[in-house]
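Next, two complexes with subunit A in common: one pairs it with subunit B, the other with subunit C.
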Partner chain A sequence: MMQQILTLSFMTAFLSAAVRLAMPLMYGGLGEIYAEKSGILNIGMEGVMLCGAFFSFAGAWYSGSLAVGLVCGIAGGIAVALIHGLLSIYLAKDQSVSGLALNMLTLGLTSFLFKLMSAGQGYQQIQTLPSVALPGLSALPLIGEAFFNKDILTYLLYVLLILTHIFYKKTNLGLSFAAIGENPEAAASAGVPVHRFQWIAMLLNGILGGIAGAYLVLVQLGVFTEDMVSGRGYIALATVIFGRYTPFGMFGAALVFGAANALQIRLQTIGVSISPYLLGLLPYLITIFAMLGAVGKNAKPESLSKPYIKGSR
Partner chain B sequence: MKKRWMSVMMTAAMILSAAAFSTVAQADDEPLKVALCLSGAANDQGWNQTAYEGCAAACEKYGLELSYSENLEAADIASAFADYASSDYDVIIGHGYEFGDPALEVAEQYPDVIFICTEADAAADNVASYVMACEQTGYVEGVIAAMMTESGKVGGIGPIQGDSLVKIINAFEDGAKSVDPDIEVKTAWTNSFVDTQLAQEAARAMIDDGVDVIKHCANACGNGAMAAAVEAGIWCEGDSYDQSSLAPDNILDSALYNLDVVLDIALGKVVDGSFEGEVVNLGMDSGAVEVLMSDNLPDDVKEAAQELIDQIISGEVEVVRDYTIRS
Partner chain C sequence: MNRRRTAALDLLIIIALTLLVGSILILACGAGPGEALSLFVQGIFKNKSSMVEVLVKACPLILTSLGCAVAYRAGFFTIGAEGQFYIGAMVTTALSLGLTGVPGWLRIIIALAGGFVSGALWALIAAVLKARFDISEIIITIMLNYIAIYFLGYAVRSFLMDPAGNVPQSAKIPKDGQLQVLMQGTRFHAGILIAFCSVVIVWYILTRLTAGYELKVVGLNQRAASVNGISVIRNIILSAFLSGGLAALAGGIEVIAIQKKLLEGISGGCGYTAVLIALIAGNRPFGVLAASILYAAVQSGAGSMQRQLGVPSSIVNILIGTLVVLILAKDLFHPRRRSSGADTQKGGSGV
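Now for the complex of A and B:
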């Protein structure tokens, strides 16, 4: 068995699968970083992604264009994120309750709309986005195939990761966005428009979460199925904590989870005689162990999930 | 004030959108009264809708009166059964494995009420279970897969290792090995009915390993396995419905489970008085399960498969029902 695993072709295929499984987590995680850095915990990421998945499918199906699908998916994600913004910024409600409620709401809503859409029809499916090999980079051994022979959305993520890193580390604006998650009162007294920035953060949260869901449909599957995000939104939240609220940390965490999931499903097909239930635990176990290893300074924004009410103290 | 109103309205909207537990009853006490209990929505375009429609058709045929309950959680089943039993219903149907134990429990207190469960293993004086012999279709699909593979490797993907799914994958393996004892049958379980991407990755892992025919019984998430097969240009075999439109050029066949036939037989037995408290296995001979072959199959394979189907129907070939988890 070990001989089967330790071949270059197995490792290449395995890494490629790890990246595919990690990609929705990375987009969702990146969206969550923007929200949480600004003090808003969006547990509703699962719902944002599910709406992204459904509306990207519906858009692409009715228009016949993947670009329209992507735009619709983003719009779906934004809608959910802004409802969360309405409840947690404007109405200053409990963010965990709002997020969980949105997850249930979107599950019911997307399943219902999908049934309307597919009533009396056969299976509906769309073409998926093709892979584009980056010249040079894709020829690298082992990682070339996994990271640089992918679709446009994957490459876009790499760019967004770098931009996010620069934004928070090198720009004053980024500092202001991070400040409102740490101490909104202090930020406000320094002239930062707290609520306006939080709304912008939620907009980004919706856009990126929408792409996370759209990635599943437009790049990987070409079909929508009920509840197809199946917990990836929650894992995305974990990757943010595990990645210490930094884009590259989150990237690494998502990759670990994707790799663990890719490994367990591949071990099954090789015929490893371990129960699939136990193998299915592998990604979660690795995540928990990794989080245990990440003890130390808490990177969590000080005012995360505490509503900011202007003038109150 | 304005803010409070908004939050009240949002809460109301969310509550309304949650799936509601509903009961529809009709008043008329002449014919036998049948109650159907479902674990999901009666219009779910799948497991529950086929049962509802099958039940409605059977009731129409036998002149019975039908009521139904939707979206029952496991914890609510016993009380829903007891509600119906105490309101003078004559036949109570629970659709799914999870209804078996509550039926046994409630049936003891209502000896005059007949309980029927699908896909369960419950049997008592007034409780019968009707199980579809999905192992028969799985076996035939295994034979077809083995005849179509060129690499000598085939794969089976399932969702969760429940009895009714394990028996399909096991029979698929048995069928494939009956054609070629040396064939490699790879299996994977997604541990989820909904994780479509993981089913796709399971199929891709098999394809990377040389598998060129994939059978799935993974409900909706099996669509991911079909997508991977289409992408790689290999053969695949569908489940539950005619899935040919998902993979028109790659599909070999679909296993069909005809719940309408099952419910027709079950209610027919009640009406003509031949009801017995037993576990009934309904196979290809009754039309409860069948293999729908596609035109992608070459004639010789089609003929061989049809011959096997005929033998299973006549009882000449008996497919083993094996619930043990193999690895």
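Now for the complex of A and C:
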């Protein structure tokens, strides 16, 4: 068995699957970074992704175009994120409660709409987004295949990661966006429009979460199934904590989860005699250990999930 | 304006809007609202058996929501009832099938008690991580849910699998180890009485004992609690223990009273529903009782609509989600009060 694992072709396929499986977590995690750094905890990321997945499938199915599907998925994600924004920014309600309620609501809604849409019969797969090999880079041994022979959404994520990093590290605007999650009162007295920035952050949260869900449908599976996000939204939250609220940290954390998932699938395909159910719980177990590993490194925004009310101290 | 009248008006608006959403969804399925309504009512009140069935459905919800309520009182925002339910169901099954020499009544007690303790210990994982390391209980409990669900999938295919069959489920619980039906022609079982008793006991603990008071203080203000000599860690762990035990008890009862065997998906998602029921009920034990029965009634009605009209029963999830969102959004109904509406939030249960 060990010999089978240590071949280059196994490792290449394994790493490639890890990146592919990590991609929804990375999009979701990036969206959550924007929200949490501005002080809004969106536990409803699961619901944002689920709506992204459903509406991207519906859009792509009815229009026959993946681009339309992607736009619909993003719109679905934005809708959920903005409801969360309404409750947590405008109405200053408990963000955990709001997020959980939205998760239940979207779980019901997407299942309901999917049943109506399918009227009892199964759907065929839609065409998934093709891979585009980047010339030069994709020829690199091992990592070339895994990182640079992928779909365009993967490349878009790399760009977004770098932009997000620069935004928070190098720009004044980014500093303001991070300040409102640390100390909104101080930021406000320095002239930062706290609520407006939080709304923008939630918009980004919805867009990126919508893409995360759409990725599951448009790239990975080509179909929608009820509750298909199955906890990835919550794992995305964990990658943010494990990655210490930085884009590249989150990228690494998501890659670890993707690898756990890929390992599980790979081991099954080469016929390792461990129950798939025991392997299936591996990513969730790793999440818990990852959270333990992040203990003590306090990167959490000071005012995370504390509503900011204008004029209060 | 009169505060109480505003609250009553809010409630009316919320209920009206929820019903409106429900009607729109039913219309979207191409069903007539009149017919749907009559089927909905029939599903609940058709006969003695269907009315008792509401209580049968409410039983696991009462216990799991009660568990959530206890934890939320202490500010421990667990989402773990689902996993604890599975753990309880598994351990109760294993004990019920394993203790062959023990008389039936004693085996029931040991199996349910064992289930309770196992679920309580399962909940302690998240409580200890929260109390010692300040790790988000929300994410940990959700991860623990998935672990419990996958582990149950493994269990019913290996050490708990019925040796006589080849489907992923356990052997049947022997007749003398089942909770008996107490009312002929219905499924009214002794577990429902256990659920009712639990409500009274938890109510007594929370409102009449010092322990309950301390729990509440910790939930409201951790700093004030520790300044006054109330141990935050101890109370979080205590509330998690009780909360996990109650959810696991629900799982155990489901096995030995309803399904009579262990199988996948046995919770029907009630651990997640419980979170919202506890919140709607304001974490009050008798509120939990009422909200669980109401939810079960809606579920029964929706089930009848699904069978007769093909209205997907996921409509129940939509309605409860809508209900909570509307409760949170109620300040929108009278914008002038919005700025003072902030006094209702609890200051955030952060990650």
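Definition applied: the second predicted complex is superposed on the first by the 308 of 313 C-alpha atoms of A that agree within 3 Å, B and C clash if a C-alpha of one lies under 4 Å from a C-alpha of the other, contacts with A are read in each partner's own complex, and residues count from 1 in each chain.
Assume contacts are C-beta pairs under 8 Å (C-beta built on N, C-alpha and C of every residue); 3 or more make two chains touch, one makes a residue touch a chain.
None of these values were measured; they are calculated from a predicted model.
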Fit or clash - subunit C, subunit B, common subunit A: clash
Touching partner for A:Met104 - first (subunit B), second (subunit C), both, neither: both
Contacts of A:Gly271 with subunit B and subunit C, given as first, second, both or neither: first
A:Ile162 touches, of subunit B and subunit C: first, second, both or neither? neither
Which of subunit B and subunit C A:Ala67 touches, first, second, both or neither: neither
Touched partner set for A:Lys306, first subunit B, second subunit C, both or neither: second
Subunit B versus subunit C as contact partner of A:Lys115, first or second or both or neither: both
Which superposed partner A:Asn261 touches (first subunit B, second subunit C, both, neither): first
First (subunit B), second (subunit C), both or neither touched by A:Met228: first
Touched partner set for A:Leu285, first subunit B, second subunit C, both or neither: second
Doubly contacted subunit A residues - partners subunit C and subunit B: 83, 86-87, 90-91, 93, 101, 104-105, 108-109, 115, 226, 230-231, 275, 277, 280
Contact footprint of subunit C on subunit A as seen in their complex: 36, 41, 43, 83, 86-87, 90-98, 100-109, 111-112, 115-116, 226, 230-231, 234-235, 237-238, 241, 275, 277-278, 280-281, 284-285, 287-288, 291-292, 295-296, 300, 304-307, 309, 312
Contact set on subunit B toward subunit A in their complex: 3, 6-7, 10, 14, 17-19, 43-45, 155, 161, 186-192, 194-198, 200-202, 204-206, 208-209, 211, 220-221, 223-224, 227, 231, 243, 245-246, 325, 327
List of subunit A residues in touch with subunit B within their complex: 9-10, 13, 17, 20-21, 24, 83, 86-87, 90-91, 93, 101, 104-105, 108-109, 115, 118-119, 122-123, 125, 128, 216, 220-223, 225-228, 230-231, 261-262, 265-266, 268-277, 280
Subunit C residues touching subunit A - in the complex, by the definition given at the top: 25, 28-29, 77, 79, 129, 133-136, 138-140, 142-144, 146-147, 150-151, 153-154, 157-158, 272-273, 275-276, 279, 312, 314-322, 324-325, 328-329, 331-332, 338-339, 341-342, 344-351
